[in-house]
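Here's a structure for you.
Order as written gives the chain letters A, B and C; numbering starts at 1 within each chain.
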Amino acid sequence: MQLPYYIDLLGTLVFAVSGALAASDKNMYRDIFGVAFTGFVTAVGGGTLRDMILGVRPVWVADGNYLIVVTLGVLLALFFKYYFLKFRRTFFLFDTMGIALYTIVGVQKSLAFGVSPLAAIILGMFSAVMGGVIRDTLINEIPLIFRKEIYATACLSGAALFVLLKSLGVDDNVNAFSGVILIFMIRILSVKYKWTLPKVGYR
Amino acid sequence: MQLPYYIDLLGTLVFAVSGALAASDKNMYRDIFGVAFTGFVTAVGGGTLRDMILGVRPVWVADGNYLIVVTLGVLLALFFKYYFLKFRRTFFLFDTMGIALYTIVGVQKSLAFGVSPLAAIILGMFSAVMGGVIRDTLINEIPLIFRKEIYATACLSGAALFVLLKSLGVDDNVNAFSGVILIFMIRILSVKYKWTLPKVGYR
Amino acid sequence: MQLPYYIDLLGTLVFAVSGALAASDKNMYRDIFGVAFTGFVTAVGGGTLRDMILGVRPVWVADGNYLIVVTLGVLLALFFKYYFLKFRRTFFLFDTMGIALYTIVGVQKSLAFGVSPLAAIILGMFSAVMGGVIRDTLINEIPLIFRKEIYATACLSGAALFVLLKSLGVDDNVNAFSGVILIFMIRILSVKYKWTLPKVGYR
């Protein structure tokens, strides 16, 4: 199962909204350009890094629809900020579905371009989280993936499950579905029950 | 009109000088390597990012002249710092001409490699401003493009004008000239009259 | 002399250990993911940037051994941290040998892909130091190469020596050996005698 085109666009929209909201929250990017730029980087940064490593042209460069969707996401964030904040839980579910889908799309694309299974797992995770990492680095913050509950690790787990099932010869539809669900579940449960990874006990 | 080779080199020189001056101003890169590295990143960072996204080899990698010009720019900044600071206004005009030229060069190159018009606008802006963004990120500052007057937005406007005129079938010389002038004018006027973009009124 | 495969893997191991140790020292990446991610970025970041600029696929993407070695390095750092800290001097020698080898490997690879001699010198230095620069940027610190004793400059010197000797027609084995030794010596001596580059006397 190649995840359909419109799902990829939907993920881009969700990430553009969440990136633009993050910028406005920090009160650092105070003008419209800053918010738009942040939404753009969050939405396309991870996939762009993955594609540059794979040696292929990022999808938003050739297909103008992605940039239209990013613009739409930024406008939504600007005009409906209070709505998004009010329905924070709904938005959290969207964002979680976004990283789950992006991860598996990233793994599939990486494998299709002939990378090793281990590299595909890492590049899948990159697709989902590196947009946020680049955004946080630009606004001079420790990237969220190092501060919050299990996040990138959920992506790595789902990506690893996909690669494992694929190596066992399981049908690709099942693999993709299983990977997405695993990421979704780990992320939801880790927030709900405040799971964290083992701390490294240095002093 | 492909902007001539020596204009590209001149832009590189101006950016290398301004990057090296920025480093010394912050007193963060205190040794010669730091100043040189900062000048280098400022001068070639934006074009390098654009070229990596386009999937072509950055121009300074194949053509040694660019690195010689960067070295020259760094030396100029080191030896004539007080001169540059004294003629700050002249230098500002040079820098503004630099971003205007870089933007249009970037749009032309991107279109020549077959990207969508929207992507060409963004990649044109990237060519001009991302060197400074990378520099500011390395020295742990909020990138200047998020802090100062209309800057990246001027580049986006000129790039958009170029793409628009081109789509209307206007002669490329006219397009390039119009785009450069628009960027130059917006930037100059926004500094003179302290124009800013609308703030996003979050609390 | 192409430096043998296992030496490249050994360099990757050393950098993964030192990256993971750096993370734990800062107490910023407190969980296992943060430490592993930092080790990974430190180990492969410089070579990845070089390869993206050269337009070739980074070696860890195709060859799974590199990621296994990174994982091993992170585990070593986690389990034998006190050992590494106790034998800090030994580790320093390893790290110095690491940057020396990485630099020359980077220069050789860059020249093999047809870049200009000046660009090869810079890309050689990038191979050795940019992993650490990316790591430091992510954890919101001024990159070490701007703060400590002669470091990147040692790499530039060795890379320049290699290119110079090669242009004189000297045997490649001799060039590589000379470059590595020069980097090693400059770095060791600059730490021992607290050499620094000339400061830029701005006020």
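To be clear about the criterion, a contact is a pair of C-beta atoms (placed from the backbone, for glycine too) under 8 Å apart; a residue touches a chain by one contact, two chains touch by 3 or more.
What you see is a predicted model, and the numbers here were worked out from it, not measured in a lab.
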Copies chain A and chain B touch via same or different residues, half shared test: different
Angle (degrees, nearest 5) of the CA superposition of chain B onto chain C: 120
Gap in Å, rounded to a whole number, between the CA centres of chain B and chain A: 30
Junction residues of chain A, two or more chains touched: 52, 55, 137, 140
Of all residues in chain A, those that touch chain C in their complex: 52-55, 114-119, 122-123, 133, 137, 140-143, 145-146, 152-153, 196-200, 202
Residues of chain C defined as touching chain A within the complex: 24-25, 27-35, 37, 40, 48, 52, 55-58, 60-64, 67-68, 78, 81, 137-140
